[in-house]
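Listed below are the structures to be examined.
One chain, chain A, appears in both complexes that follow, with chain B as partner in the first and chain C in the second.
And now, the complex of A and B:
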């Protein structure tokens, strides 16, 4: 069974919908801007028009994070030319990524709790905050009665969700709605992130997030992500629809605790994904890096890539420099971008960075897109707390 | 405390369900089942909470299940208001 990506629903700070997002990425258009005063972060990536078209009856019972996903899901289904009503309900599954969940909805209810008392906490808090809300609402909206679930591994969750989607397709699903979104810009959410390693408090959108750059001094948060329709190749062929890329390989690993004498295990996830895809490092045309944006984390990632590919051995790019780190939406958006790179035969640049610093021995694509066939792409993601995941996408098999 | 009218109840129903063009609360909805208007079990709990805050009327869990239409709901709420008055 080969799993292939047939639909992308991008909801990003620099573009909603593939037709807006992809040109923005190629042109280096940033979605980062100053946030309102008084927040625990100065710069962030916000999505304008990200929740358009959400019915009022869903809006009252969902957080912005789920609403962004519902918008992304609608875009992905249209992009995949897929009408869920035409499927057997049990053939359609939903597996999404989640991280901070319904934090804005929760903040409103916590305010009511403290200002008015427990009796004023709304009933919908019970379903709006928790990790599976997006999966649940998508499943209900489209009557997806196939295997459903949610993966929670911060920035790595998008890849983990796709890995699980592939397992579910191997089992008995024909189509899975996967991917993820995040809405981490409520005051409550920003305060929670303010103690994260590497969280930037810079006030200048042009230098606040520069992955692998000498001046790297942290990352900025962003909202949004991508919803992805992934289905069995034979099912896609029968439908006669366009396939962006196959999910050829996936692997995950977990780091030892801080202070351990054992090294981080990102290399194991990368090698595992390559082995799963039956490819060697030389087969990979581009790496979509995690790009955490701090000197230490960037160096660790660059060393892991050098260990596998040799120093400067493969083009590396970090388009998320234009959007911020989207946590549960982050690696999903990276997968969408990698699929577009394969489909269009061009590597998008890393926005902002002027080049990899001397401690990062990588060939960083920056300044302009690099055209040329992209037959396979490696997507790497690290989630706070020690999560590592890697996925290999390839040109769809004939 | 003055009674709850159908108009006021309809406004509460609209607030609970959210503004949605697919939801039709026009006309005489007194005997239309709440489930047909879009009320699932959570929405009914939310409605009960709103009635509590707006009219001071308690709607016990056992009673919520028996309120199948706006007419049932008006009868319960106004009955409770009369008791308190």
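And now, the complex of A and C:
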């Protein structure tokens, strides 16, 4: 069984919909901007719009995170030319990634509880805040009765969800709606993130998030992500639809605790994904890196890439420099971007950065897009706490 | 246990933190005695709330072996998870140092994560809801761990030094069954040789109680907390919120045999489906839960007639118990009437994402002891719930294969089949 990506629903700070997003990525258009005063982060990546295309009764019972996913899902299904009504409902699964759930909705309801009392908590809090809300609402809206899943592993979750989607395709379903979004820019969510001490302190959107750059001082949070239609190759072929890329390999690993004498395990995830795809490092045309934006984390990732590919041995790009880190949505968006790179045969640049610093021995693609061909792409994602995930996308097999 | 996987997966360790007692032994004694651990809610002052009943764990972090530093930084849910996982690991007799760390996985299920600390700290930074723009200056360290509950999977990985796949599964009230399914799948497909997998929940906080109050999902039988959780009884009026954790050690069967491990059960099959109907509502026909049961049975290589016990979701809401009765009849046919089916939620409440793992632990112990735990408080049968729910008293019975089912917000329906590792046809 080969799993192939046939639909992309991008809801990113620098573009909603593939037709807007992809040119923005190639042109280095940033979606980063100043956040309002009083927030725990100075810069963020915000997505245009709110509840476009979402019926009012659904909008009132969902957080912005789910609304972004519902918008992305509708775009992805259209992009895949897929009408769920044409499927046996049990053949359509939903596996999404989430990191922090329905932040703004939750803060509003908990404020009502403490400012006004328990009787003021609304009837939708129990279904809007929890991490499974998006998968549930997508399943209901699009009549997906196949396996439903929700993976939480911070920034790694998008790849973990895709890996789970592939399992579901092997065992249970013809098509899975996967990927994910995040909406982490409400006040309490930002305060919680700020305690992880990863935010950039810069007030200038142009230099606040510079992955692998020696000036890097942290990252910028953002909202959005991408919903992804992934299906069995033979199902896609039967439908005669465009296939962006195959999900050829996936693996995950976990780092030893701080203070351990054992080395970090990112290389194990990368090598595992390559082996799973039946490829060698020399087969990979581009790496979509995690690009944490802090000196130590960037150096560790660069060293892992150098260990597998050799110093400067493969082009590396971080398009998320234009969107900020979208957590579960970020790795999902990276998969979408990698699929577009394969489809169009061009490597998008890392926005903002002027190049990898001396401490990062990698060939960072920056400035202008680099011509392909792009037959195989590696996507790397690292989640806070020690999660590592890697996925290999390839040109669709004949 | 599934189409793509060929390795057999066995359960070699069980660890539990449950209302009524800490540890597997206390848990099994409680649920086979038919005692209830539901009581007047004491974790916070619930005056003014509609439902003031809960199944709470009498848990002391220090007594449970946690350091003061861990008790300080970990939310109650993470404390439960670490203690249950530690017991499971000890119970398995596995020397983790003898296993390549890259071959050990960590899986945790939870529906609502670290809500307790998130809420406590929200009160501080918002001045009890006084400010929408909350004050970062009042934030404590570790708040990010509470916001993003994959921190729970990290704790389990750190416990064992695991460097294989780590996952947090959050599918609402089926999280526990889905985490068990995921853990078994990682071993079956060869992504890991050992997985410490389970689930935890500590949702007895004001916001969780208030949100279930708002939809009248929980029992308001405040005058009689000990008898408030009444699955399948005609007088039932909702579920009783609970808390706790269960972890299991999943191993590749051959490796477990080689090291002479005690085997509780083999994981035969798992499946999950969505009802695509309503976030909280259930259609009375139980079709999607039945589909999950059918697929889990098929993967286990078992016919419906080979199921000897059904561990029910049995939450005690009006619609759930009828929905589930219909689903089990749909899958097991006439055999459903001859098969005992009980809800341990009648005794330990409904701990949301944790309960599925607690129920799988109960199933493993049922196979081990050849005893079916009862449904407490079942005195006035609902005419529309007409199966054998094992009222009030545990039952000795030959058990070769058991089924655990779950249903949750989002419309998710899951099923896990466990069977004895030997003596069962496959």
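Operating definition for what follows: the second predicted complex is superposed on the first by the 395 of 398 C-alpha atoms of A that agree within 3 Å, B and C clash if a C-alpha of one lies under 4 Å from a C-alpha of the other, contacts with A are read in each partner's own complex, and residues count from 1 in each chain.
Definition applied: a contact is a pair of C-beta atoms (placed from the backbone, for glycine too) under 8 Å apart; a residue touches a chain by one contact, two chains touch by 3 or more.
Everything quoted here is computed from the prediction, not taken from an experiment.
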| item | value |
| --- | --- |
| Which of chain B and chain C A:172 touches, first, second, both or neither | second |
| Touching partner for A:126 - first (chain B), second (chain C), both, neither | both |
| Which of chain B and chain C A:99 touches, first, second, both or neither | second |
| First (chain B), second (chain C), both or neither touched by A:240 | neither |
| First (chain B), second (chain C), both or neither touched by A:86 | neither |
| Contacts of A:259 with chain B and chain C, given as first, second, both or neither | neither |
| Partner chain in contact with A:60 - chain B first, chain C second, else both or neither | first |
| Chain C-contacting residues of chain A that also contact chain B | 61, 119, 122-123, 126-127 |
| Touching residues (chain side chain A, partner chain B) in the complex | 55-61, 119-120, 122-124, 126-127 |
| Chain C - residues contacting chain A, complex | 2-4, 48-50, 101-102, 106, 111-113, 118-119, 122-123, 125-126, 128-130, 132-136, 139-151, 153-154, 157-158, 161-172, 175, 178, 182, 185, 189, 191, 206-207, 209-215, 217, 271-280, 288, 291, 295, 408-412 |
| Interface residues, chain A side, partner chain C - complex | 1, 38-40, 61, 89-90, 93-94, 98-101, 106-107, 109-119, 121-123, 125-127, 129-133, 135-137, 139-140, 142-154, 157, 160, 164, 167, 170-172, 187-196, 251-257, 260, 262, 265, 268, 327, 383-387 |
| Residues on chain B engaged by chain A in the complex (per definition of touch) | 16-23, 38, 42-43, 45-46, 49, 52-53 |
